[in-house]
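To keep things simple, chains are lettered A, B and C as they appear, and every chain counts its residues starting from 1.
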Amino acid sequence: MIFGVRHSVVVATLLATLGAVVLAVLTWKGSQVTSESFLVTTYIGLFLGALWAMYATGLVVVYTTTGVFNFAQGAIGVFSAFLYWELHVNRGWHSILALFVVVCLFAPALGVTLDAVIMRRLRTASLVVQLMVTVAIMVLLLSVVGDIWEADTPRRVPYLFGINNGIDLGPSQLPWHRLIVFVVAIAIAVSMRFLLRRTRIGTAMRAVVDNRELAALNGARPNVVSSTSWALGSMLGALGGILIAPELGLDPATLNNVVIIAFAAAAFGALRNLPMAVIGAMLIGLLRAHTGAWLDFGPDFRFAHLAVAPLILLFVVVALPQARLEVGRLAHHLRRHERYTKWWEGLIGCGVVILLAVAFSGGWLDFGIWDPGAWGSRELNSANEAMALALIGLSLVPLIGWAGQINFAPLAFAGFGAFVYLKFAGDSGNGYWILLVGLLCAPLGALVALPAARLRGLYLALMTMAFAQAMSLIFFPHPWVMPIIGTGRQFPHIELFGVTFDDRRGFFLLMVCVFAIFVYGLVLLRRSRYGRRWMAINDSQAAAATLGVPVVWTKVVVYAVSASMAGIAGVFWATVSGNVDSVQGFDLLIGFNIVLLVAAAGVSIPMAGIFLIFIPLFKGFGLRLEDAGNVDFLVTLLDIMTTYGPGLMVLGMVFNPRGAIFEMGRGFSPILPWRRDARAEIAAENAQKREPEIGELGIDRPFTPEEVIAIDRRLGILDEVVPKEGYGTARS
Amino acid sequence: MALLEAEQVVMRFGGVVALDNASVDIDIGEVTGLIGPNGAGKTTLFNVVTGLLPPTSGRVKFDGVDITRATVAKRSQMGIARTFQKLEAFNTLSAFDNVRVAVEKNHRAKWKHRRVGDVAHEMLGKVGLDEVADVTVGTLPTGSARLVELARALACRPRVLLLDEPSSGLNEDETSSIGELLLGLVADEDNELAVLLVEHDMSFVMGVCARIHVLDFGKIIAVGTPIEVQGDSAVRAAYLGSDEFRGAYVELDE
Amino acid sequence: MSVETETPLLELVGIRAGYGTIDVLHGVDLRVMPGQVYALLGPNGAGKTTTLGVASGQIQPHAGSVLLDGHEVNGVSPDRLARAGVCLIPEGRGIFPNLTVAENLRMSTYAGVSYKQVQERAFAQFPRLEERRNQMAGTLSGGEQQMLAMSRALSTDPAILMLDELSMGLAPIIVEELYEQVSSLAEAGLSILIVEQFAQAVLGVANEAAIMLHGRIQRTGSPEEIAEELTAAYLGMT
């Protein structure tokens, strides 16, 4: 400790400062710094900071008062901004009325509903489920916005009181709107601080997170208190969204990305300290404004100034103290016999998948709804795209599903894999280089894992997210990394065993085969000592450590495995999407979607990967139906299923945290002739359900012995010595 | 020389002193008891000894070597194993796999000439869990899950075994068979084993322990044989009240 | 006896309760008369804390009824009971560690006493708390934390007070100080149900005592009678 500050903080700050100075010297634009230009830049920075401070305030308030880190905070803002536009611009309501309806009526209602339906049940869920569910809410809200307000019309949210009215500030004019934003942001932060510290309801909100039972013993109504917290949180999100929208334009993705900057600001205050979060937001705002004004990173790093927030988030998280070894959580929804997939079952499963893929894509199956025939290029395009995403998704199974390590950066690893492949295989597309991709991505995974291994789950999620964002802003756009962007050149076709996979169906089948190999590898891995060890550190790190398992090293290994799988998958993903725009293809939002899909399917089961194939199949069906005409209803249905399905299914994780495949497997496995164990389990469950109701208390007929036992159990006297036979029979 | 020594261990959490110069030593071939009222700091001492908590001050020595700064995994490899008061079994794994994780980790060093599965089955057999080997531990009753933890600890072939309330959740028969198992393990000279037992079931403690340490708000207030400890006035004060009240029990001393 | 005709303030009848499917209490009957100090003693794991959980509404019993002043209150939420005057100070420091001392006191105002009064009474009883009013409760010493927890009982005029292991892990001198507060509350006529392992301090205050073992009340009687059986029950000398 130096002056009471942790070493890690000091080291990280020094490194960051040093890096910033070196960077500044290297990239100095050379424009003259006058007091006037400096002031204007500072004013822009403070204004940006105020905008982000509003979002950060909402995040911190929700986290301190509910204990849930809400990834959907930004999406609530997006939805509210669109609703405000609808009411104010489209329907012509007065801005104050529209503002009131959205912020004071709609937002609290949304918050209370979220709490009552979902959040309340998340309190005892594992962190993975908590995070997945808030991410799912984010994705769902964004999809709803996309569906209601189609992207084809350009929309603008006007500034309050117009952009041209305001105070004259000498060199420039300060519009009322910006002044209001600044004042409101500060006022909100101050009043929230007051609410949380100086009022009883605010105190109760924090108390409920500390100890819900004790709060009830004091006489506070825990459910009412937490609903209030969510209502408040979503009001703050709504206000933030509406006030930011005029600046950024009404684009869902852009507006939603603001939340990442807010994450960085909130991390400044260790996610709980409101004043620090506001200061963090202001700092990031100033940094952004000044780097934009004075530094020039050149065309190669044209997005680098946007990476200020993710980089700060990375630094803050790395400077955090090491987490103690956590004790495990209760695992819900366990089966009495958790069963390993047998090696030959894995083979059969993979074989069936490959056959199905061949049959579908070749048009061998006739469903009578449409003209049978091979898939056309449109179907194959969408199938290839989804198949490549499914491959990336599989890389999350060991990492999230088994070891419980959250990772929002699968696409960053995938992108790195594509980059390595491009560098080594060049234009030839020699497929054997894919093996080298696997080898080189492993160290990158390990590198990310080293700081991650010492962090708690939530910070881990934030760190991987910041890593993904930094990669897609700094690394991927560099022309040396992805030289094919904008040149019209194609990502090279893969060539393996003397075959060039240049037709879409061949490429699709190649991916299906790689998919089967991945799944089978996972089946074997799950059965191995490594699979067991990963499950063990997920259940209890402390216990694993006391058995001699090196926890940090184990996490590093699982990251390396996952990164290498993602890297290989990335080569296919780049081949599929490379001719469009690679940078977009490695974007964070798509990463979120992959993580959600896998979580919804059941992230702990290797066979869950098969589920991901349904998405390309549905897409293929949809396109085919569209061609056939007259089945609008079905097309819409399939469209809704592919858009909202994953998000809705993740919401289902609240009740069924192990995902869809797990439940489907329970229903399906008894059909398999060799699964006697599954049939026995179903029979045992049914027997339990058939336990008789006590009913008419033996009036119309004498009790049977089972009923006597049921009554005893109901009355709680089963532990007494009950003469099980003869008791009921004596009566009859 | 004692196999494991905790010397003058102090552990502070904020303003709370959980351990206040506590010293404990345990010897090979004995079960040593550690008793004390609720919140006396027994589990904290276990956490310090196994490395889950770094002590504010004080030292932990194993076989004469200072291990105060060794990692948890390193201590495990040296031969310190434990169970937990609040269950820390691997809930999503079967009982067999719980033990297997431990055997696999220690296979090269300690079970070289035997197959992993055989060792795991033997350990489960020792605690009487052969029949539920395939059952997911999270679905087992608490008492059985505790036994899984014990089997897992034994699979590390420990030289020091720290048991945190192994009998809670077990019935009397099961408790006494655990007692016999422990006595058998320490009596076997090949094992060179020392056991430290935290327990609330006093008849169990008095039955198996050769020596008992009594901890009371972080301080060791008595060390001795079960008979000595039962007769110790400080111990009675810790459990029942302070000295003035002892008059009421004088007649029970005989 | 005249006590028989009076309505007990708290009565548990045939309570069976536990966590999940496992029962911890196997039929507990217990009555606390108005003005009585009832000490429930017993070793760890006997079910004492579960009994208090049932009485305060935190745990729903599988069988039996909970009566407060003659009214059945099975299924009433703990916060409603708390506002009605049931005050439970739970085991292991009933405080919010991430709230300051003053904020902890503010949480006591749900029972109807104003914040100002709660503060006045708490600080009058425990002046040390006033010195630390803006400190996080988690950074207080064990004794100060327990004083803070106790101040809810002292400042909110409860109808019945339940104390769970008040003395756990505290130095005797602090325990003595806390029990002085308890006995002055008892003298003022408050009904108190105390759960303790540390028997001496309680038996000095109580006028009725019971030993609990294995989820059942084994014996009730005067504190003197119960004291004689405690050694055997605690130290396994049967």
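By our rule, a contact is a pair of C-beta atoms (placed from the backbone, for glycine too) under 8 Å apart; a residue touches a chain by one contact, two chains touch by 3 or more.
Quick caveat: nothing in here was measured; it's all calculated off a predicted structure.
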Viewed as a graph of touching chains, is the assembly arranged as a line, ring, star, complete set, or other?
-> complete
When A-C and A-B are ranked by contacting C-beta pairs, first comes A-B
Centroid distance [mean C-alpha coordinates] between subunit C and subunit B, Å = 31
With chain centres taken as the means of their Cα atoms, state the distance from subunit A to subunit C in Å.
-> 45
Express in whole angstrom the distance between the two chain centres, defined as the mean CA positions of subunit A and subunit B.
-> 42
Touching subunit B in the complex: which residues of subunit A?
-> 324-325, 327-328, 330-331, 334-338, 529, 532-533, 535-536, 538-540, 542-551
Per the touch rule, the subunit B residues reaching subunit C in their complex are 14-17, 37-41, 141-142, 168, 200-206, 217-218, 230, 236-237, 239-242, 245, 248-249, 252
What residues of subunit A sit close enough to touch subunit C in their complex?
-> 197, 200, 203-204, 206-207, 209-211, 213-222, 715-716, 719
Subunit B-touching residues of subunit C, taken from the complex the two chains share = 22, 43-45, 91-92, 138-142, 144-145, 165, 168-172, 197-201, 203-204, 224, 227-228, 230-232, 234-238
Within the complex, which stretch of subunit B touches subunit A?
-> 50-53, 71-73, 75-77, 80-82, 84, 86, 88-94, 97-98, 100-102, 104-106, 134-136, 138-139, 149, 152-153, 155-156
